[in-house]
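Have a look at the structure that comes next, please.
Chain naming follows the written order as A, B, C, D, E, F and G, and within any one chain the residues start at number 1.
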Amino acid sequence: MDALTLHSPILAVAIPLLAAFATPLIGRLSSRARDVFVIAALASMLFVVILLARDVYEVGIRIYTLGALSPSQAIPENHMVPVRLVFEVDGLGALMAIITAVVALAGTIYSIVSIKPETGQNRFYALLLLLVVGIMGIQLTGDMFNLFVFLEILSISGAALAAFRTRFVDAVEGGFKYLMVSTVGALLFLLAIGIFYGQYNALNIAAIASAMQYTVLDQVALALILAAFLMKSGAVPSHWWVPDTYTPAPAGTSPIMYASSLACLAATFRMLFSLYGVQMSLATVGWIVIIAGVLSMFVGVTMALRQTDIKRLMVYHVISQEGYMLLGVGVGLAVLSNPEALAAYGREAIAGGLFHVINNAFFKGLLLLTAEALFFRLGTRDLNQMGGMGRTMKWTCAFFLIGALAISGVPPFNGFASKLMIYESTYLFNPVLTIIALIVSVMTLASFTKVFQSAFTGPALPQYKEVREVPMSMKLGMGLLAAATVFISLFPAFVVDTIIYPAADALLDRSGYISAVMGGG
Amino acid sequence: MLNIITYILIGIGLFFNLMAGIGLLRFPDFYTRLHAGTKCTTFGSIFLIGAVVLQAIAAWHAGGWEAFDSTIVFRGLIALAAILITNPTGAHAITRAGYRSGVKPIHAVVDELEGANPDG
Amino acid sequence: MSKIVRTIAQAVMPFVFLFGIYLIIHGHLSPGGGFQGGAVVASGIALLFVSFGFKYVSTFLREDTLSAIESSGALLFIGLAFAGIATTFFANFLLGSPVFGSIPVTGPGVGDIWSGGTIPLMNIGVGMKVSAGLSAIIFSMMLIASKKRGGEQ
Amino acid sequence: MPVLTFWAPIVLIIAFVIVLVVTLLYRSRGQAKFKEGTEQGEVFYSGENVPEELQRHVRSHNMYWGFFEAMKRYYDPTVRAHTGIVNDYLIWLLGLTALAGVVIIVADLL
Amino acid sequence: MSQLVLNAPFVAVAALTCVACYIIMTQKNLIKIVMGVVILQGAVNLFLVTLGYRIGGVAPIYTETSGTLMVLPVPQALTLTNIVIGVSTTALMLALIVLIYRHTGETDAEKSRRMKG
Amino acid sequence: MNWTPAVIVLAACIAIALIRVGRGPTTPDRIVGLDTVNTLVVTALVILGAAFRQPVYVDVAIVYALLSFVTTLFIARLIEKGKF
Amino acid sequence: MAELPALNVIVPLLIVVSAILVARYKDLIAAVIALAAMSLLLSLQFYLLHAPDVALAEAGIGAAITTAIFVIAIHSTRRT
């Protein structure tokens, strides 16, 4: 068990990677064995991640050096800077790893039945596992170039998954747009890496951070990084690909792709806090992030209100909810250099944003899965042609209600808790932001009322007389996410104290992040 | 002496390559340009790589026939062989493709390949 | 394409493959390695396709085989990485063993092919992966292209 | 100072359950006049002719119609901006990069 | 003089980036946009390799020359990775374009779109 | 031995061939220009390998010579309008 | 002798020229030919910068395989 804990940072990435390449070989033998194998791999990944997270919360930042004589030897003898690949896991990494593992498991369980009608399932599972590798790697790595590689793995497998059902033209189109935009974004990021390497002769994030001077070149690099990662996470000025890509993505992958967006968001925070930190002009960058957040919230929710395609509507909420996270963390970023304001509301704003991340990963994933369940049984995503499904698909209806109430911030659910944290802290910073956030919350409730009214209530339509409840594995996948949502709803204080505040502190503790690799400080 | 021979070889090679360039620029139609572009450069490469190989052989000999320069001799010869095999074949493929795609020689009156066996 | 091209392609093909394999297994000593050698091998496959046509090649080259080779190459690579986990992931566990020798130093005796520990084996894994992967890419694109022509007729 | 010290969902749920129990108790004391299948179950539509059951369902396209009409000046440019052309997406991305760079550099100079 | 010469590839990088941005912003043909992305990849690769160049250095390979100055190996490794990633993205993009063409009969970005609003 | 002028003249030849690639009225003309560029670049690579006194560099030239052939064949195949 | 200042100027210039050619052509085949030329010259530039590994990869992947994929894609779509 100790050895497993010692090697857990790399195992969390290596297990799905190994499984991704073993899946096609096993799939040639039997498809049932392949399904069991994929689930087992993801479950063991979840186990490893839990071990890792427990260790991180007990001991502190974990580093893992690949190919060294011992995992904790980040800097070889006779060297000043780390030259090997280093994995560095702090509170934020552990939080995102837990989210990814749970969501990936749920999505894969859901996929087992829902992907049955398609051809090429071996490839589907291999791509799914590669996507998980990309998300995991982005969270755990401590190396800029490695981050780029994982980002590209994420983009390629994500685009291939989005375009997986090639018989639909919109699926192909969405995949193409995603791939194009993210390739250009990743190239911008690589340009920034080149700038860093040229200046500081290092690729390790901690090593660059310890040498950071915030020169003009660093500012250019900051702009490139900020644009690339905000685009990948779907913030507003370049959110256009999000609805086009996520809408036609196959069932079961939607929550995982949403987790990939959240992973890019977390990588943005990592870059802003751990790489640049107090070195940069905080008010400017903080306000850039806040404005992006407010725009995301408002544009996302108003566009969502207008949609009649059920999944597209929910995907616009992806953008809208991402605005809350950007708002919370942006407020924290703007007051980072002011210790009093930070203690009064900054830390709480960051914690609220991160709490919203974990909440959204669960209930938003659940909502996307219910939308796909309707599509699976009805064959249409058009809300105009739906009605009365609450009578026949009772479980789906119940899961939808849980998700919809949680996302709208109706009190007993976890969405309310995280939104409350964001409201309270932003009100002390700037009341206008809070008012906008409240309006957006009301509009969220309105749009989900629309979905509920037109899909689940009303008379039973004759063309859907034969529709039955979705199969067991799909219910299981949705149930897992619903259970997670309900658990967080019931014990928010426990979750916040155990996972969220360590993550927020990890973001604030830049010197700790640096000294974990560079030693001493 | 050796250097003079090498310079002469380089001169011949560069002369042919320049001829190739001028021909490529000045000739009137596709077939004549191809004539210049592929034949002359192949011939020029023989001399240029030959010069390199000659120098390397000399250095090899000076080092007592065991020096590291032997590799450059053999690799240069292999590269030359690759050029000599692939370039004419490529030229053939281009001509054929050009003819098939309907490019006619300028000033030509008689097309002897009209109706020839397509797989010839 | 024409008989001339086919003949030459047949003659050049083994040479291309040989050179690709040379680049793969000699990659830790000279320019080359798994990526480059794999690309050269895949270019050989592309030469096969372009000179003999898709229909002929697809009688003896199957996509299943390619994807199996690709997966085995990747598994070999990751398996070697896992094999070092007694110390750390990716540790060069063959270093210092009687077969694979020690770290190459400059001076006499360099160029010994067994001097890289696990690196040559990893190159082989990467070479399998890249060559089969790129061949599979070209194969799939050719499949799409030939299907479309068939559909039109 | 953490917010969640006073936010306890368990308390809220207990209160909800108590209110539910009270309501049910109050409801059980009412009169049992309602009978299914009689005129009491029919739909009352302001005295108009009641449409058929399938027509009664409000399609999602018709919901919030007034809101969209009122917000037309906001919605028209926003929807038109989402063209669906890859070039536009890339222009937005590169433009965002340029804008962020200019803002960050200028703010640092000032 | 040599400083100026070292800067020439950087100027080329800037020019290539501009050309690539021009292509991906104005050209409507999807295949043409992919060509723009390929040019952008080439620009970034050239940038990385030029960063690692040192005047008078040789390739970081242990051959007969020992003790001489070497160019930096890390940017070359990065470039190799980027080349391999680039070819896979290019292949995937082109495959998706072919599929779009078979669905819609168009490779134009404006005419082949189906989703908007 | 001073190899530099030879390489510079070769670069000038490459530039001329690129003009043909740019101007060529028909596609086959452009392919001829590309093929010429290929051959010249292979020669230049071999000469540069000698100039740098790095024999292992010549591997690149061999690969180049073999693979440019593939490129030429593919484009020729395309304009020939044949089936793949 | 390892420094070739003139070449280090000419070759990037040629690369940029071929990239501009790519941008100019509406005909995709011509653009692909210019792209292949750009790839080849980029490989030459890598070689000049003492990166034979990268030159090898660029020659194998950038020049041969990318062009092949482009050609197949153009073959199965339309030419302009």
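We adopt the following convention: a residue touches a chain if its C-beta (ideal position, glycine included) is under 8 Å from a C-beta of that chain, and two chains touch if they have at least 3 such contacts.
The shown structure was predicted, so the numbers you read here are calculated from the model rather than taken from an experiment.
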Next item on the list: Give me the fewest steps it takes to get from chain A to chain E if each step has to go to a chain it touches.
Entry: 1
Item checked: Minimal step count in the chain contact network, chain B to chain D -> 3
Notebook entry, point to check: Going by the average position of its CA atoms, which chain sits the greatest distance from chain B?
Noted result: D
Next item on the list: Could you compare the number of C-beta pairs in contact for C-E with that for B-C and name the larger?
Entry: C-E
Checklist line | Chain nearest the global centroid, as defined over all protein CA atoms shown | finding: E
Next item on the list: Using mean Cα positions as chain centres, tell me which chain lies farthest from chain G.
Entry: D
Notebook entry, point to check: How big is the gap, in whole Å, between where the Cα atoms of chain C centre and where those of chain F centre?
Noted result: 25
Margin query: Based only on mean CA positions, could you tell me how far chain B sits from chain F in angstrom?
Written below: 10
Next item on the list: Let me have the rounded angstrom distance from the C-alpha centre of chain E over to the C-alpha centre of chain F, please.
Entry: 20
Notebook entry, point to check: Whole-Å distance, chain A centre to chain G centre, using C-alpha means?
Noted result: 38
Notebook entry, point to check: Taking each residue of chain C in turn, which ones touch at least two of the other chains?
Noted result: 1, 5, 12, 15, 23, 30-33, 35-36, 40, 43, 46, 50, 134, 137, 141-142, 144-145, 148-149
Item checked: Set of chain D residues in contact with two or more other chains -> 79, 82, 84, 86, 90, 94
Next item on the list: At least two other chains touched by the same residue of chain G: list those residues.
Entry: 2, 32, 50, 52-53, 55-57, 60-61, 64-65, 68-69, 72-76
Margin query: Can you give me every chain pair that touches, using the contact definition above?
Written below: A-C, A-D, A-E, B-C, B-F, C-E, C-F, C-G, D-E, E-F, E-G, F-G
Margin query: For the complex, give me every residue of chain F touching chain G.
Written below: 2, 4, 7-8, 11-12, 14-15, 18, 21-22, 24, 27, 30-31, 33-34, 37-38, 41, 44-45, 48, 51-54, 56-57, 59-60, 63-64, 67-68, 70-71, 74-75, 77-79, 84
Checklist line | Residue ranges of chain G touching chain F (in the complex, touch as defined) | finding: 1-2, 4, 6-7, 10-11, 14, 17-18, 21, 27, 29-30, 32-34, 36-37, 40-41, 43-44, 47-48, 50, 52, 55-56, 59-60, 63-64, 67-68, 71-72, 74-75
Next item on the list: Over in the complex, which chain G residues touch chain C? Could you list them?
Entry: 52-53, 55-57, 60-61, 64-65, 68-69, 72-73, 75-76
Next item on the list: Spell out the residues on chain E that touch chain D in their complex, using ranges where they run on.
Entry: 21, 24-28, 30, 33, 109-110, 113-117
Check: Of all residues in chain D, which touch chain A in the complex?
Finding: 1-5, 7-10, 12-13, 16, 53-54, 56-61, 63-64, 67-68, 71, 74-75, 78-79, 82, 84, 86, 88-90, 92-98, 100-101, 103-105, 107-108
